[in-house]
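Should a chain be cited, it is by its letter among A, B, C, D, E and F, assigned in written order, with residues numbered from 1 in that chain.
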Amino acid sequence: MKENAVKTKLKNKQPVFGVLSNSPDPTIAEMCGVFGLDYYMIDSEHSPISPGQALDIVRACELGGITPLARIRSNDPKLILQFIDAGVMGIMMPGIKTAEDLQALVRAVKYPPAGDRGLGFVRMASYLQGPFDQKEYIEFANEQMLVLPQIETKEAVDNLDELLTVPGIDGFVVGPRDLALSLGYIEGPGHEDVKRTIARVVEKINQAGLVAGTTAASGDQAKALIDRGVLFCLNSIAGLLKTSITEFTKKRVI
Amino acid sequence: MKENAVKTKLKNKQPVFGVLSNSPDPTIAEMCGVFGLDYYMIDSEHSPISPGQALDIVRACELGGITPLARIRSNDPKLILQFIDAGVMGIMMPGIKTAEDLQALVRAVKYPPAGDRGLGFVRMASYLQGPFDQKEYIEFANEQMLVLPQIETKEAVDNLDELLTVPGIDGFVVGPRDLALSLGYIEGPGHEDVKRTIARVVEKINQAGLVAGTTAASGDQAKALIDRGVLFCLNSIAGLLKTSITEFTKKRVI
Amino acid sequence: MKENAVKTKLKNKQPVFGVLSNSPDPTIAEMCGVFGLDYYMIDSEHSPISPGQALDIVRACELGGITPLARIRSNDPKLILQFIDAGVMGIMMPGIKTAEDLQALVRAVKYPPAGDRGLGFVRMASYLQGPFDQKEYIEFANEQMLVLPQIETKEAVDNLDELLTVPGIDGFVVGPRDLALSLGYIEGPGHEDVKRTIARVVEKINQAGLVAGTTAASGDQAKALIDRGVLFCLNSIAGLLKTSITEFTKKRVI
Amino acid sequence: MKENAVKTKLKNKQPVFGVLSNSPDPTIAEMCGVFGLDYYMIDSEHSPISPGQALDIVRACELGGITPLARIRSNDPKLILQFIDAGVMGIMMPGIKTAEDLQALVRAVKYPPAGDRGLGFVRMASYLQGPFDQKEYIEFANEQMLVLPQIETKEAVDNLDELLTVPGIDGFVVGPRDLALSLGYIEGPGHEDVKRTIARVVEKINQAGLVAGTTAASGDQAKALIDRGVLFCLNSIAGLLKTSITEFTKKRVI
Amino acid sequence: MKENAVKTKLKNKQPVFGVLSNSPDPTIAEMCGVFGLDYYMIDSEHSPISPGQALDIVRACELGGITPLARIRSNDPKLILQFIDAGVMGIMMPGIKTAEDLQALVRAVKYPPAGDRGLGFVRMASYLQGPFDQKEYIEFANEQMLVLPQIETKEAVDNLDELLTVPGIDGFVVGPRDLALSLGYIEGPGHEDVKRTIARVVEKINQAGLVAGTTAASGDQAKALIDRGVLFCLNSIAGLLKTSITEFTKKRVI
Amino acid sequence: MKENAVKTKLKNKQPVFGVLSNSPDPTIAEMCGVFGLDYYMIDSEHSPISPGQALDIVRACELGGITPLARIRSNDPKLILQFIDAGVMGIMMPGIKTAEDLQALVRAVKYPPAGDRGLGFVRMASYLQGPFDQKEYIEFANEQMLVLPQIETKEAVDNLDELLTVPGIDGFVVGPRDLALSLGYIEGPGHEDVKRTIARVVEKINQAGLVAGTTAASGDQAKALIDRGVLFCLNSIAGLLKTSITEFTKKRVI
């Protein structure tokens, strides 16, 4: 296991740029690293990427110089385990509502005594053949993993003060579309009330000394977010393709 | 089998925009269609996409409204067959050097009497359950398939006049990097001699009433090519990702 | 997202014919559509078809003109999400026993305000690039999805009156073999008591104005069921192959 | 390696019933065995089933009690090798025209001294751990493999007398659709001239003491063929599904 | 479904040797059988092998003469179902702590009346086409399945007396590494206190007339364990490769 | 592209130890590297590993610190291309008989001017984004690739003197089993005549200053070979598993 470069940048208050990916193809991940993204967020909530596919994606990320992360469909400790044993270096968890949810998430991601993660003879642990002994590996792994719950429901916003106090969390990623739905705005996240809520959430996260993240569909959007205190900027494969295909085919429009 | 929208556009002298893809993931193909590309060129020469993977990609293309094509590693009629039986609507063939090569290519792509393609009870033929009877299907398929040999060697350039006369060819796609190597320019296709050669090849193709195509890494490059008579503009997945990742991460540079 | 043709037929009291499939091969699904079935029920309970495989099957169904549905192993909202985000247009849920089970199922399948389904930038939503805006898509999706719990335990039969009142359910599919086991008949569903129970369940479902479905291994069985008020007729891949292989090899027996 | 039950039946002049399959799903193969087919012909000509997929299909065949065979896209000895090393017990080869083609096919399928097949430490050879020593295994394998070239061109019909004399061939499978095309009948194999040609070919094959095979879409067609001297009856997955789906949905038509 | 040879050996107090595998490749499983292991434990806890992959592995095990078992990530009855319907003949369950956990596990593995397992028309049941009728199959399956919970937490050790009394359990497999962590020994299972605890656990299991199992990285370790009453000896793919690669490359060291 | 550590060792006359693998599972490759093998020879002759699977295996090799090589089924330049574009750092080619075969092999593996390999925008070339410009990459790649034809026929032995003079070859790997068959020894490679022939071949290879390689099933066999001038020692996955399973189960025998 190597140092988590994204975690290090975030500690240094540097923005990080990544993509939420619905593609199981490792080559896409490797290219995203070669062309300069910081992290590759395997989507295993709204996309059906399995832990077995994640294993091949993680290898491509390690070679492409991009940090592999995963969004996992539910707060199931053993489903989380299969992704982190494969080498995913952080978890984005949707649907978090309470401090108990968060504590369960932290316990799933960390080895004892910080959590309940089981230890296998796995690649993430270099089959215990690497430079580390078991104790060093466990402490290093517990330190390097990123834990990033999502704020995407009214309940989570209401409980935010308490959520911010749970130990072991690196930050929170706001999901604008589901948050808007949860606040009753079916048309999408464009309503002023949604924007104000998100701004307040980001502010509180920052005041707690944690990382704020959210979605950005372009460099300009990312810039605006960074100016407002967001460090974790999340595009999508669809967003990247839309940007460049629009550029590539512009001659057609003229 | 449906009408080949790319072939129709090319007949109408409209430029078409597509991507040479090294990804076996059907979802990438479907998104490329949703976001506006005209064709998806499965690379089965420099990328190891198999005919079986092509089948799933073709389905995604049909649903995404993008024409599936394939570049195939060699002029092997039965390897070509597996791609076109899966539903690929045209073939880009590398390494063509002689009129004999071209005639063999046409024979592989077309059913009798125009060629030697065998007829199976396959999805491309709608298991012979569709609106067409066998004769109608055969004639329609022979008409709709695109045949696009590559010009990428000195020999092909030398033989161009003869190549242009082979019946059943829709056009030629110039491969600048390999053509430069073949002409002795190991540094890449930037040398003036290479550019002049390519310009002359494009001109001759157009004079013969055929479609000229080549690679373009951006909308500006595509525009410049179209202005010089190129109708078939070919980007790559790497090119698309590089464009948009550079845009997305621009804040980092500042 | 397109109209759910099976839902429309059922609203018009027309019988629908489909297959519970244990095959992950999309081509089998496409052929089932070409040859005239109404729906393809991906079995992800007794067969291990994953959501990622379902994605390719769904595409094949859309092209083959057959409605993709899925039976999912458990009432886990995020596992259901991965299938419906892939494009499955309805869920058959085994093991339902109480109204609470049913309400949870409906919440998993429907977007707010009818349920809790999260909204991603996914293919089912055409990456929000289609003819619909978000509000229209959400309302249309909530309307088109089929929700079909199974009745296969004594508890479900005992609770049937209450189950029939839960909003958002389209009908119920009886599972004769497990129901027989639950009623104590280990030899199979052939006992008169099982048959009487099933007849009563179908009658009650129909009286409640809902769709009744169950398994049928042949056209004759389907006919008999339809005569008794069943509209949703469910064969299996094994059943289809057994029928036709028996027919094909009949010369051997003589 | 076990005895080839299909070869044994054919030696005893018993008809065998099988399916040309375009599905890579091993479960379909296993079910075809359970429900009574004699052989499962993996189509790797008009369908893109790879040798790696064949390996899993072969295992399913061995467990389902059905003999695995393969049609391979071209007479390439090393492509053939990958299928037979996986455990396929016979090869159907399309496009055979001359005695030289046939001799090359036999050399590819048989170990020295009968042919040129290379010997690896592979599963077909039980990793040389089975009851056989190397010599016994080689002799047994050479004996058990089925070699079944296709007759599907005018050239093959013209050369039939010579083809029938090549040692190491078990029989010939007539491909009616391609043969019709080759004879100039684009509408399909229904023309009297095609039928007469096929009848003559079957007669000659039988006179040479070899097995004649061809396609049959139903038990009635198979019966008619068997009555005319055909022993190797070949349906398709599409044919099987069409038969049973038509039967299953018959109530709809009424 | 065939007799479970491992269960039979264990009943006869014979030691069994197997491997916990993190490889989804069926060929590895088949070779492990050919070279003499008794069982192949598919790891679906610390490795991401899916039920769909298990299906192909199970077939390879059946042909290689090795009993397929699976460790499953959590005590989810429907996840267990997908593995046992594929043909896995026993379950090793991690993280068991209470008698309630164990009872739930037994109910998931056994058909009524012993448990709640649902009955499908699946390969494990030979599509109900085999020599058994449904009642015989159910009774045979309930009898042949192995149920092997893991003891790997302090809680499980504390509750051992009660765990030993739950009906339907064949034995317990001690997980030394996680047990050490749970007991507070982060350096690994080498501490005397851990060894003493394991020894006591094994003794109690044997006194209850059940099978004791644990991990062994070599034949010498297995021998030592067998001498202390362990019958179920579990190596890993990593362990096997390390042993033989060390042997194979020994010349390098000299 | 990185330095080829195996080529460097061979230049320094150090023995290298590797495995001919019939497994498509990347994890097996990664573990072989972690436990100390020098190279991983993907078998795509007697095993059906595809170029697409090779891509994932290559990534695992790069991370496991083991050099990825491939044996390819035939001397087809474009099939070779797909493996080397994926990142395989050398080719072992079976069935080589003449100097022309060898020259074709070298041309397939090397870029111009040394050969005819085409240049794509591929991962092996780091998408031309790495530290190298195109010219540097081409020269480095041509230098680092290993070219290892097999000697496994009487013809190759007869032509050896000429084969040894073809430029661009690193060495030759003797295939004892096929060589024995070709020399007329059907029982296997144990005959004295075969041994003498192999010894003579190894001697000649060494005299020509090239690397000699062959198969070895254990460390003792490897040692004996190294003492006789063999540097390239090739075991198999089957060989490794047999060694360690025999060791692990030794208690059973007693």
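Of note:
Going forward, a residue touches a chain if its C-beta (ideal position, glycine included) is under 8 Å from a C-beta of that chain, and two chains touch if they have at least 3 such contacts.
By chain, UniProt protein names: A, B, C, D, E, F = Host specificity protein.
In this text, all values refer to a predicted model and were calculated from it rather than measured experimentally.
For the self-contact between subunit D and subunit F, the two sides draw on mostly distinct residue numbers; the shared fraction is below half.
Here the C-alpha atoms of subunit A line up with those of subunit E after a rotation of 120°, rounded in steps of 5. Comparing chain pairs B-D and A-B by the number of C-beta pairs in contact, the larger count belongs to A-B. Here the repeat of C-E among B-C, E-F or A-E is A-E, since over half of its contact pairs match by residue number. Chain geometry summary: the mean Cα position of subunit C and that of subunit D are 38 Å apart.
Here the CA centre of subunit D is 41 Å from the CA centre of subunit E. Of all residues in subunit B, those touching 2 or more other chains are 22, 24, 27, 31, 35, 50, 55, 127, 238-239, listed in ascending order. Taken together, the touching pairs give a contact graph of some other shape, not a line, ring, star or complete one.
Pairs of chains meeting the touch criterion are A-B, A-C, A-E, A-F, B-C, B-D, B-F, C-D, C-E, D-E, D-F, E-F.
Those residues of subunit A whose C-beta lies close enough to touch subunit B in the complex are 15, 17, 22-25, 27-28, 31-32, 34-37, 216, 218-219, 222-223, 226, 233, 235, 237-252. Against subunit B, the residues of subunit F that register as touching in their complex are 50-52, 54-55, 76-79, 81-83, 85-86, 111-113, 118-122, 127, 133-135, 138.
Against subunit C, in their complex, subunit B makes its touches with residues 26-27, 30-31, 34-35, 55-56, 59-60, 62-63, 123, 126-127, 129.
Partner subunit E is touched in their complex by these residues of subunit C: 22, 24, 43, 45-50, 53, 73-74, 94-95, 152, 175, 177-178, 181-182, 184, 186-188, 236, 238-239.
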